[in-house]
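Next, two complexes with chain A in common: one pairs it with chain B, the other with chain C.
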Partner chain A sequence: MSVGKSVPRVDAYDKVTGRAKYTDDMVEKNALVGKVMHSTIANGWVKSMDISEAEKIPGVVKILTCMDVPDIQFPTAGHPWSTDASHQDVMDRKLLNRRVRLYGDDIAAVIAEDEVAASRAIKAIRVEYEQYEHVLDPYEAMKEGASQLHDEYPNNILKHSGFEDGDFEEAIKEEGLIRVEGTYETPIVQHCHIEPPVSYCYMENGRYVVVASTQIPHIVRRVVGQALGISWGKVRVVKPYIGGGFGNKQDVLYEPLNAYMCQQVGGRLVKLEISREETFYATRVRHAMTFNIVSYVRPSGRIVASQCKVVSNQGAYASHGHSVVSKSMTSFRQLYNYEKACKVEGYTVYTNTAAAGAMRGYGTPQSVFAIESHAEDIANTLGMDPLEYRRMNMMPVGYTDPFSKNVNYFDSLNQCISRARKAIDYDQKRKLYQEQTGPVRRGIGMALLWYNTAVWPISLEVSSCRMVLNQDGSVQIQLAETEIGQGADTAFAQMAADTLGIPFEKINTISTQDTDVTPFGLGAYASRQTYVGGMAVKKTAVLLKQKILDYAHEMTRMLPEDIDLVDGNIVWKTNKNKILLSLEDLAQEAFYSMEHAQHITAEATAQCKSNAYSLGCAFAEVEVDIPLGKVTLLNLVNVHDCGQLINPQLAKMQVHGGMSMAIGYGLSERLMYDEKTGKPLNDNLLDYKLSTTMDHPDLSADFVENYEPTSAYGTKALGEPPAVPGAPAIRNAILNATGVAINKLPMNPHLLYPAFRDAGLI
Partner chain B sequence: MIQRKTIQCTINGKQVENVVDVRASLTDMLRNDYRMTSVKKGCEVGECGACNVIIDGECFNSCIYLAVWADGKQIRTLESLTGPGGELSDIQQAFIDEGAVQCGFCTPGFIMTAIEILETKKLYTRDELRKLLSGHLCRCTGYENIITAVEKTMLQRLEA
Partner chain C sequence: MYDIEALYEASSVENAVELLQEHPDAIVIAGGSDVLIKIREGKLAGCSLVSLQKLDELRGVNMDEDGTLRILPLTSFSHITKNPLIQEHINVLGEAVDMVGGPQIRNIGTIGGNTCNGVTSADSGSTLVAYDAIMEITGPNGKRQLPISEFYVKAGKVALEPAEILTAILIPKESYNNCKGHYIKYAMRNAMDIATLGCSVNVRLSQDKKTVERLRIAYGVAGPVPMRAPTAEAKGAGKPASEETAALVAKAALEDVNPRDSWRASKALRLQLVEELTKRAFIKAVELSGGAL
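And then the complex of A and B:
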């Protein structure tokens, strides 16, 4: 069996030798170079553009402006298309935008023979703007008189929604309840995949071929079609290896503009590389959110009712829009069990900042920071042990989501807590860190994690797989679910090997997606791939195996039900698995038989109509230098129940990466804007503080494996969950060390120093 | 008028002569003229370390190193580590064994810094290794297994 083993990843050799080909490694060197011109105001209108000087620059081939582009607004979110118009993604941008809505909006594009000419041309384009007052804060944006970013959305409210379980007002009338209120704020952060977005496009036989660093090739195909107003079959998208995505490349970024540039130069090859700086301000970011939570608890610790109001900063364009805060709201409802009532309300608001989209955790890093900070605040208010408070109130075993019918089958949260608590020596350290004095203090804290696997029943969940038998008994497998560094190609090969009964080494996962030949699927997002993709792998493998056994029946005359495929051999099941012939012999016969030649292949689509909770926790230990306002993370332990592990080593690697992202989110990362101009201040990797080797302790990742019964291979979400609980765990550890509750991220010295001073510690 | 200059240097042991645009970076030259696909572009301003190569025994971000400066220099890229029959070096194998590779984009740069560290033949503590590797950004791995891969290879080489 291959599932459950830490086999080396299938792409490792190519990646350690530099042979793995990423988008820019494949483009022909005679490609024309595209460059985007970005606005230098945050809010306004392009009155005019003078390109006459720019056009004279040697090497400039064509200049496209926001006055030229088709009058088509298109969506960019990496969601499956909905045939229900009311459920379709918001279409609020054009290929280039005359109405400027952020500092760095796309207003023109240059195609040139080389990069220098393209850059010079952009500098030579004269733009006259009509400037409006910009608004960076969603609360300000909702006020009367604030500049309106999109005419269709009054007060800049993209969407407002809410729900109420029970009757909140009635519930809080109970006598003796203790009221706890908190406001928790999270910042704008960026994905910072190491490979910036890049694509190239050329025309072949009247069709557009777009090669792109994307997580979602089939969705890119559809959106390029929509944006250019051409039929979708005219677009072919190829996705090679990509240097990380984390949700930014779950958006259709510059692929449509690249295709348009190609169209405008007669189908010639145009490459469009996005710089690191552009990646920060002009692609996507994580929504900054502010949560106000009011809870009513009994002195015993039981939470009776809770109300949460959340405002999410959408930035200038809708991208994934309100669906991100919707997931935040669902986590609020489900991570804790409110005895009588839970009332939640959320706003998604346009502002003149970078468009916010999907980023690892999809609204839950924000909400879980708020929920788990608040849980700690309640426990502290009651003088209760934080673990005890959580045990009393967290999602119980057997909980069923009224909407998705998703069941919490196992006692995963308690199991994860127990394991992490022991690993970090929580009880002992909690005692040790009581009543500390002095400028340097230590603390320990934790946070729970809730996540949903995949997106059903909100959206379509579907995956298709193709398997093709080779002459030597090896098999290609092909899915639209993409390898983006997480190890999907390897995991799918392990799954296929087991269901088929073929050695792992004989499975070739076709890593590159090509929408002309790759069966339809949705791509890498929502931590869905092993869950939804796994269903397609299993269904297709069962089909292929049946075809192989049917052919074996012809060759052996034994009934298909009496034979099996085990370890690459056809065996006589009812006679101790005696080997009858090898799959290689069978394949050779099937390929070249003069009697019955057959290319044995299989293809199937699996539509997924279920979902699974992925639960876990993080425990953090910190040392706080109070006068410096500086936190050193001493230890971080994550424990997850993501069901059966397909590949324990790969799973651990995923957790490490998520923990690292959580460390940055908690302690250092924030994309800042100049209030006066709306200009991003730290749109580069020097000033934007991504965590380095120096900012990490050794990371400890562990698992509880409860086989998920709704999953083809027992798995559930793991890609995103590790990035979720770290920041609140660190926050609660700082609280434990200093007694100061920090309700804002990142908890850097700029924030901590005044907080400690105000608390009288300095 | 584009200014060009003829330079001579050694790339992975092979003597080459090239006419380069004086504005070109060494990253551009290695990627465009020699198709060294291990030299990655992550920021092009010396922040991320993805384009790191060894020049006369010392690591540099090749994106902020002009191609003309390479005149007379010995340049080593990740491609030099793989044997003629495709054999992996110990550090490449360690990156695989320890699970230090995910998207793979930062990997070549990290491995070249690891080579610089290993070739000092010194014993470093894990904290010292952290510092020596801190010029590279990785968003996938949390650095954990990368540090372990370098540490294990260092210990193996020192034992041998």
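And then the complex of A and C:
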């Protein structure tokens, strides 16, 4: 068996030796170079543009402005499309926008023979703006008189929704309840994937070929078609290896503009690479959210009713829009079990900041920071042990969501807590860190994690797989689910090997997706590929195996029902040591038989009509240097129940990466804007404090493996969950160390120094 | 792709001066870790460069006959840190430049570039100021020397006249002898960052290690250029090498500095850091000098 083993990833050698090809490695050197011109105001209108000087610059081939583009608004979110217009993603941007909605909006594009000519041309374009007052804060944006970003959405409210379980107002009338209120704020952060968004496009035989660093090739095909107003079949998208995406590339970013640029120069090859700075302000970011939570608890610790109001900063364009805060709201409803009532209300609001989209965790890093900070505050208010409080109130075994019908089958949260607690020596340290004095103090804290693996029942996701038998008994497998660094190619190969009954080494995962060739699927997003893609792998492998056994029947005269494929050989079912035929011999015969030649292949589509809770926790230990307002993270332990591990080594790496993102989210990362101009202040990796390995302790990742019954291989979400609970765990550890509750991220010295000073610690 | 109009590679110091005379608008490039960034950002796009890259005569650390340490400006940060003369006589400088950026930057960035760009946050700056370094400058009229305090003119501006280049950084023996220093870089990250505040303190203790004979303190990012703290230094000189003196000196330092309020850090935070880092660096420098607090 291959599943469950830490086999080396299939792309490891090519990636470490530099042989693996990424988009920029593949583009022909004679490509024209595209560059985007961004607005230098945050809100307004392009009155006119003068490109006459820019056109004279040697090497400039063509300049396209926001006056030229087709009058088509298109969506960019990497969601499954809906044929029901009311469920379709919001269509609120054009290829270039005359109505400027953020500092850095795309207003023109230059195509030139090289980058220098393109940059010089952009400098030479003269723009006349009509400027409006910008609004960066969603609360301000909702007020009367605020500038309206999109006419279709009055008061800048993209969407407002809510739900109430039980009767909140009635529930809080119970006598003796203790009220706890808190407001928790999270910042705008960026994904900071290593490879910037990059694509190139050329036309071949009247069709557009777009090679792009994306997580979602089939969705890019659709959106390029929509944006240019051309038939989707006219677009072919190829996705080679990519250097990370974390959700930013689960949006269709600049591929449509790239295709348009190509069209405008007669189909010539145009490359469009987005710089790091542009990636910060002009691609996507994580929604900043503010949560106000009011809870009513009994002195015993049981939570009776809770109300959460959340406002999410959408930025200038809808992208994933309200879906993100919807997930935040669901996590609030489910992570804790409110005895009588739970009332949640959420707003998604346009502002003149970077468009917020999908980012690892999809609304839950924000909500879990609020929920788990609040849980700690309740426990402290009651004088209760924080673990005891959680055990009393967290999602119970057997919980069934009324909407999705998802069931919490196992006692995962308790199991994860007890494992992490032991690993970090929680009980001892909790005692040790009581009543500290002095400028440097230590603390320990934790946070739970809730995540939902896929998107059912909001959308029906499909995943298709193709398998092709080679002459030597090896098999190609092909899926639309993408390798984006997480190890998907390896995991799929392990699954296929087991279900087919052939050695792992004999499986070739075709890493590149090509929408002309690759069967349909939706790509890498949510934390669903092993779950949804696994279903397609299993279904297809079962089909292929049946075809192999049927062919073996012709060669062995044994009934297909009485034989099996084990480790690359056809064997008796009753005695698996009895080898009747190798798969290689069978394949040779099938390819070249004089009696019955057949290319043995299989293809199937799986529909995912289930979902699964992925639960876990993080425990953090910190040292706080109070006079310096500085936190050193001494220990971080994550424990996850993501079902059965397909590849423990890869799973651990996945968790480490997520923990690293949580550290930056908790302690240092925040995209800042100048209040006066709306200009991003720190749109580079020096001033945007992405954390480094020198800011990390040794990361500890562990697992509880409850086989997930709804999953083809017993697995469920692990891509995003590791990034979720770290920040609140660190927050609660700082609280434990200093007695100061920090309700805002990132907890950097700018925030901690005044907080410690105000608390009288300095 | 960098927008560079022309690149002139100097074959000697004299040739570098000549090239700068021939191309008065050209910018000097050494390691390139600042200049290339500015070209990429567009600030220096289209510029011409005079490169010192091939001038091995400007690399290394030597000692003059009179004991003056002669640090040649093209020496990379990592070579400064590993140099035995630096380690023996002014180890704090090696430690300070070992906090620049990351390993790759330290292999390419030079100490000359770090001072000539006139940036207050330069990790070498405060320690060189604290050690009263002397800048040796070569230009069309030959060599001249300037105390580092006069070399720094204002933010981003040093006292190099047209066609002049820095050819050595000198630390006189009187400066480093019997003296130990400590540098604290306070930044938002533990690597790949520039200082929010840098504090370099060195002391010379009395023979019995009980009294501070000489105290020198300098900061980066406490003002527009690296600067000394004369009030604090005077407060500490002649006082016992004690925690009380540390606190006294740290408090006094607040009179010497004038940090800015900016989105990178508030003035209040920077003042807090001035006091706290001065105290800590003083204590460490005393300990390194064999003092017991």
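Rule of thumb we're sticking to: the second predicted complex is superposed on the first by the 759 of 762 C-alpha atoms of A that agree within 3 Å, B and C clash if a C-alpha of one lies under 4 Å from a C-alpha of the other, contacts with A are read in each partner's own complex, and residues count from 1 in each chain.
Definition applied: contacts are C-beta pairs under 8 Å (C-beta built on N, C-alpha and C of every residue); 3 or more make two chains touch, one makes a residue touch a chain.
In this text the structure is predicted, and so the values were computed from the model without any measurement.
**Q** Thinking of the overlay built on chain A, is A:Ile194 touched by chain B (first), by chain C (second), by both, or by neither?
**A** In the superposed model, A:Ile194 contacts chain B only, not chain C.
**Q** So, A:Met694: does it touch chain B (first), chain C (second), both, or neither?
**A** In the superposed model, A:Met694 contacts both chain B and chain C.
**Q** Chain A residues in contact: does chain B have more, or chain C?
**A** Comparing touch counts on chain A for chain B and chain C gives B.
**Q** By the touch definition at the top of the document, which applies to A:Pro754: first (chain B), second (chain C), both, or neither?
**A** After superposition on chain A, A:Pro754 lies in contact with chain C alone.
**Q** Answer with first, second, both or neither: which of chain B and chain C does A:Lys47 touch in the superposed model?
**A** Neither chain B nor chain C is touched by A:Lys47.
**Q** Go through the superposed model and pick first if A:Leu686 touches only chain B, second if only chain C, both, or neither.
**A** After superposition on chain A, A:Leu686 lies in contact with both partners, chain B and chain C.
**Q** A:Val116 in the overlay: touching chain B, chain C, both, or neither? Say first, second, both or neither.
**A** After superposition on chain A, A:Val116 lies in contact with both partners, chain B and chain C.
**Q** Figure out whether A:Gly629 sits in contact with chain B (first) or chain C (second), or with both, or with neither.
**A** second
**Q** Classify the contacts of A:His596 with the two partner chains as first (chain B alone), second (chain C alone), both, or neither.
**A** Neither partner.
**Q** In the superposed arrangement, does A:Arg126 touch chain B (first), chain C (second), both or neither?
**A** neither
**Q** Per the definitions at the top, what is the overlap between the chain A residues touching chain B and those touching chain C?
**A** 116, 685-686, 692-694
**Q** Which of the residues in chain A end up touching chain C in this complex?
**A** On the chain A side, the touching residues are 114-116, 119-120, 123, 627-629, 668, 672, 674, 681-682, 685-687, 689, 691-695, 748-750, 753-754, 757, 762.
**Q** Show which residues of chain A lie in contact with chain B when the two form their complex.
**A** 6, 8-9, 11-22, 24-25, 29, 116, 191-196, 241-244, 246, 273, 275-276, 484-487, 649-650, 652-653, 656-661, 684-686, 690, 692-694, 696, 698-699
**Q** Give every residue of chain C touching chain A within the complex, in rising order.
**A** Residues in contact with chain A: 1-3, 42, 45-46, 102, 186, 188-194, 196, 263-266, 268-269, 272-273, 276.
**Q** Which chain B residues qualify as touching chain A in the complex?
**A** Within the complex, chain B contacts chain A at residues 23, 31-32, 36-45, 47-48, 50, 77-79, 81-82, 86, 88, 92-93, 95-97, 99, 101-108, 111, 126, 129-131, 133-134, 136-147.
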